[in-house]
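Here come two complexes built around chain A, the first alongside chain B, the second alongside chain C.
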Partner chain A sequence: MAKAEFETPELTEFIEVPKLVEGTMEHITCFVAKPEHQEALGFPGEKVENWKEVAIDKMGDLLSRYRSFQVFLDSCVKCGACTDKCHYYLGTKDPKNMPVGRQDLLRKVYRRYFTFAGKYFPKLVGATDLTEEVIDDWYSYFHQCSQCRRCSVFCPYGIDTAEISMAAREILDSIGVGQKYCNEIIGKVHKIGNNLGLPGPAIEDTLEGLEEDVWEETDVAVKYPLDVKGVDILLVTPSADFFAEPHVDGLIGYGKVFHEAGVSWTLSTKASEAGNFGMFIGSYENMRRVSLRIREAALELGVKRIVFGECGHAWRIAYSFLNTLAGPFDFLDPDYPVPQHICEFTLNEIEQGTLEFDKSENDDMSITFHDSCNVARASRMGDKPGGQFEIPRKVIKAVVNNYHDMEWDTIHERTFCCGGGGGLLTDDLMEVRVKGAKPRMSAFKNVMEEKGVTHLAAICAICKSQFTKVFPYYGMDMFQIVSVHQLVSNAIVMNRKTPPEEAPGYGEDDDDE
Partner chain B sequence: MAIEANGKTFETDEEGYLTNLADWEPAVAEAMAAEDDLPLNDEHWEIINFLREYYEEYQIAPAVRVLTKAVGKKLGKEKGNSKYLYALFPYGPGKQACRFAGLPKPTGCI
Partner chain C sequence: MSSVYALLFIVATLVLVLGLARKIVQYAKAPAPLKIPTTPAPVTQTGVVMRLFREVVLFESLFKSTKWTWIFSWMFHLGLFLVLARHVRYFIDPVWLPIALIQPFGKYAAFAMIAGLGGLLIRRIFVDRVRYISSPSDYLWLLLLLVIGMSGAMMTFVVHTDVVAVKQFFTGFWTFSGGDLPMDPILLVHLTLVAVLMILLPFSKLLHIPGVFFSPTRNQVDNPREKRHVVEWARKLEDS
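Right, the complex of A and B next:
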């Protein structure tokens, strides 16, 4: 497995709009899902014989189900406002990575089969037949879109390329041509309960290890409970929080915050995944199946509140769709947001004065915050507009002394994607990921050089893993990415002491002495 | 895809991971490492053996923190961190070491 051969883009002080070069990324493809991955999700195992008919029928079905889809396909006036807004275009120069170029891959087929002009005068309106080549183009370029929705911020008609990209992937799945990365993972959630495929005993073993580590570090017996009934809060967090770094440092932080806040909480094996890749492939049915696990877990455990950990697209689904997908949540305590983000929870405790911090514990770092797309542009947090930008920053500023934002046109709703979102966080798309990270890397490098920033903090598992991988391509260190609750964890003062018998392993070593 | 080791052919998936975990033998790890230009020493083998033992018990690769802790206990605290593991396996302990150990590739947001 040699390192993929491609050139890492050079970082520039300002974001330069490149001259377009056709076809620079047409060689990109990603592994196709195997029959067992497809069938577990209710899709045909292999490309069906009458794929053309099925694909056009599916497009018609989506047009009838989602009015937005048809409006997006009809309303583009080719004004060009989106052309220089996509990080993949900026990093690859390929015109099919311009949002309008990407949309047109689908739009030209829509026009051919669903509009009067396209049926009778296809050449006049840029309508084309659905061919094998078109399908190959869809597979390549709709897997070079992270569904980050930055282009839609700048589109005067509000056309959302993410929805077009989701629709394209759903059509591809319906003819049996799915993506291995997403579909294998969704299958693992249906079968085991999380993206990683961590069985309950492995989660339990990992959490016991964390309890020992925190005990060693603080002399306080912080619990990381699993499947405990009758507690107040169910924490739903991405399974990467159990598995990877720096994600796990965030999970350690959530536990310390809950401990100091004096609330009872639990994780769940059934709902051991906040992420929901059903959204990435545009499949309502799969998104719903994944979401229902959270409802079932909350009911079985008898909790009063649901809190989500640091996961970008999970928060979009939690905030915007969960009630429709798996509601009503009338069994939860109406005095709290349903659901609540961990940053909201922590900020609330900070404002009530229940948490004490020693900010100097983070003095070896200077922090900037990366707004994750799905939090920034597809959800909100708290009860005020812009809360999704302010709340994480307030949490960070409460626990660190050194904080600087990146350039204004690369944060908040104009934030640049990390380059790995929307189902692209796979090794077979490394070239797309590295090149697409260019705008974010430029802004980060600038704030490092101008303000002395050393670390990038994020609240999304995908962003964290993506930065770990792409930093080295740009001459940075993979450990420059941190979890927001890792910073909280470093600075929090543990005031609620615990009796010795609560310590991990208490009494087990008695015979050894 | 496939890899040759010990005079035999072992089937792998498109990413180079062994298709059948039970087929694994040390020669497979050696052959994979040779393809990556990474000669295996005792330190590598400590990790590979731990991964296989853990997988046998839990049916999944260990979390990074579980792995670093086990390494720290066995080889000394200064080695119980991911910097040490990345120095041993430049493509990542989770992915490269798992592949050498014959384990399936960990999936998800990692």
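Right, the complex of A and C next:
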């Protein structure tokens, strides 16, 4: 691993609120999108001449389209409730990483151009002109927000910095200063169908490989179908599940669960991505375009249900926005929620008794669960509020013997983001990611020391990738992060045996002997 | 001089009412295209009313956040509420029973209000994070409210003014019967600053008063899978 040019924060027993130190992170700039990345999304290729006017016009446009933006910009009383809640502030000490500090970068410009007080008494209310320096600050600090919404839990007016940072990124995109990581990826989805740019044949290849692996391991021919028409379930999962570790172990688990539940299912080339980075850049239009691929795939394949794999922000969009963006889904089976989370599906099968587990298969591990931010604070599972906390834990407890939660103020709605969400999962933001992971790492380390926990289970592709990368910075092993359905996969007892005539290679000559 | 104050309060009331109404209409008209309640969120409309009630009356989120800020701001707001309720007696005759009953509490609530404001001011000055985010206006609001509270408490407990005359002055507003305001300096300071507050409120961060009711993270029902939510401008994208 390349040695970083920054210091990894030291982990502490309690989450300490640091004294602020100005400017510790102002050197952070992630790569700017190239003209082709910008234009593919309908944004100007390069910074436009009249960027100032365009930016202010865009702000006005967003104010007219989003009540949240208006209310959040007006309502803040600077009470300070959010100032110690952001993992990036806790990890970097930079006051512009306090939620209100970040919002104020935009609010001071809003006040200057859109409010009476800011127009005539700018100094009094902290309003400033939109300058190059302000744009630079926006670019830097609005790409140090993972849109995890922790601040919105604690704000007395529910001000959500995620909304502000989405708006800021949309304004930046509109003047031609987009982020390479997000915009390049969204372009890939528009063109190919997934964030990684994996073409159909590559996915097919991977899935065949998985079928062989599972056959070798279990002597059961579990299918991982792609683009099969007329099946019951369309599974939409983050493309990282096709090859990244530990994501792929989760995908193996979904397949085993579907097999044992006896349902027919398929993946889709067109909808080979659950993630939707359109949300990260605040672009309704791009988010909608990406979502419509799922609708089209469901229609073309003639499925009855849509199930989503393990991914945090994808589940937010699926649960909260999909019906809005790509609905109505009246062509699907009305007996099931649209869409359904894989944990909802699995727990349902567990409760119906269709699945059998040997928990001892996971006895080499002691598990804790990381509530992914977007699942915890921006979605639900099941029919009761808080189901998003209970359902994954019930699934885990059904398949492992050793489970312990982390400290109460670092889980559920107070969970700390992994540090890599919201479009920050790129190497050019490694310093932000490592420092931002500090609160979560502290809580994990404590539960390791106090309860003997060995592994952190997650249901988010970004969390999994992020932890794989940042664990080593904190002296942990990258394999300590596991997928929830990897645990399911380990423990599930395969009772639906494959008859010999259906075994792979049946009837072929065996050349090995 | 009394007519100057009469005019001032007519203007202040108009600015406050029209300014707030304008902002409320603006918030109500602005679309909320996506379902963004901070979850876990209520799944019914009744649940949302309860959530907003807890937020507005008990400051639930602030309580979760920091106990000191919660104590000070709750003391201030509850004190202010009781003090304002008590002040209704200066505008109506006869005084309604609930307002009469609140009188003893309303008098002493002034101390809670002042203490709360003092705590908030100290916090703003001494906590480095809060100091960093404060503009001059943030301090001035606290000072303005403190002087209003202290001048009012002075008149209640130390240097009484001719309250009967004050009441005649304000009830005269409704009946256009006039009446003279006592020319006590403390009273004049108190009334001037109240008028300033009323005039500035619709242009300031005091917009958190209507804002909290319109905050989509607090006022939306968590039912996106069950009920499709589409606003007009988003519908147009579908038609194109």
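The rule we apply is simple: the second predicted complex is superposed on the first by the 499 of 513 C-alpha atoms of A that agree within 3 Å, B and C clash if a C-alpha of one lies under 4 Å from a C-alpha of the other, contacts with A are read in each partner's own complex, and residues count from 1 in each chain.
One rule holds in what follows: a contact is a pair of C-beta atoms (placed from the backbone, for glycine too) under 8 Å apart; a residue touches a chain by one contact, two chains touch by 3 or more.
Small disclaimer: the values here were computed from a predicted structure and weren't measured.
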Given the superposition on chain A, are chain B and chain C in a clash or a fit? fit
Touched partner set for A:T115, first chain B, second chain C, both or neither: second
Touching partner for A:M441 - first (chain B), second (chain C), both, neither: neither
Could you say whether A:E163 touches chain B, chain C, both of them, or neither, answering first, second, both or neither? second
With both complexes superposed on chain A, which partner does A:A376 reach: first (chain B), second (chain C), both or neither? second
Classify the contacts of A:R65 with the two partner chains as first (chain B alone), second (chain C alone), both, or neither. second
Superposed model, chain A: greater residue contact from chain B or chain C: C
Please state the minimum Cα-Cα separation between chain B and chain C in the superposed model, rounded to the nearest whole Å. 23
Considering the complex alone, what residue numbers of chain B touch chain A? 14-16, 35-36, 57-60, 62-66, 69, 82-83, 86, 91, 94-96, 99, 106-110
Seen from chain A, its contact residues with chain C in the complex are 17, 19-20, 63-68, 70-72, 74-85, 95, 98, 100-101, 104, 115-117, 123-126, 149, 152-160, 163, 284-285, 288, 319-321, 323-324, 327-328, 337-339, 376-380, 383-386, 388-389, 413
Please output the residues of chain C touching chain A within their complex, sorted ascending. 23, 26-27, 30-36, 38-43, 55, 59, 61-62, 64-66, 69, 73, 120, 123-124, 127-130, 132-138, 140, 203-208, 211-212, 214-218, 222, 224-226, 228-230, 233-234, 237
Name, in rising order, each residue of chain A that touches chain B in their complex. 1-2, 31, 181, 184-185, 188, 194-199, 201-202, 205-206, 209-210, 213, 238-240, 242-245, 247-248, 275, 311, 425, 427-428, 461-462, 464-465, 478-479
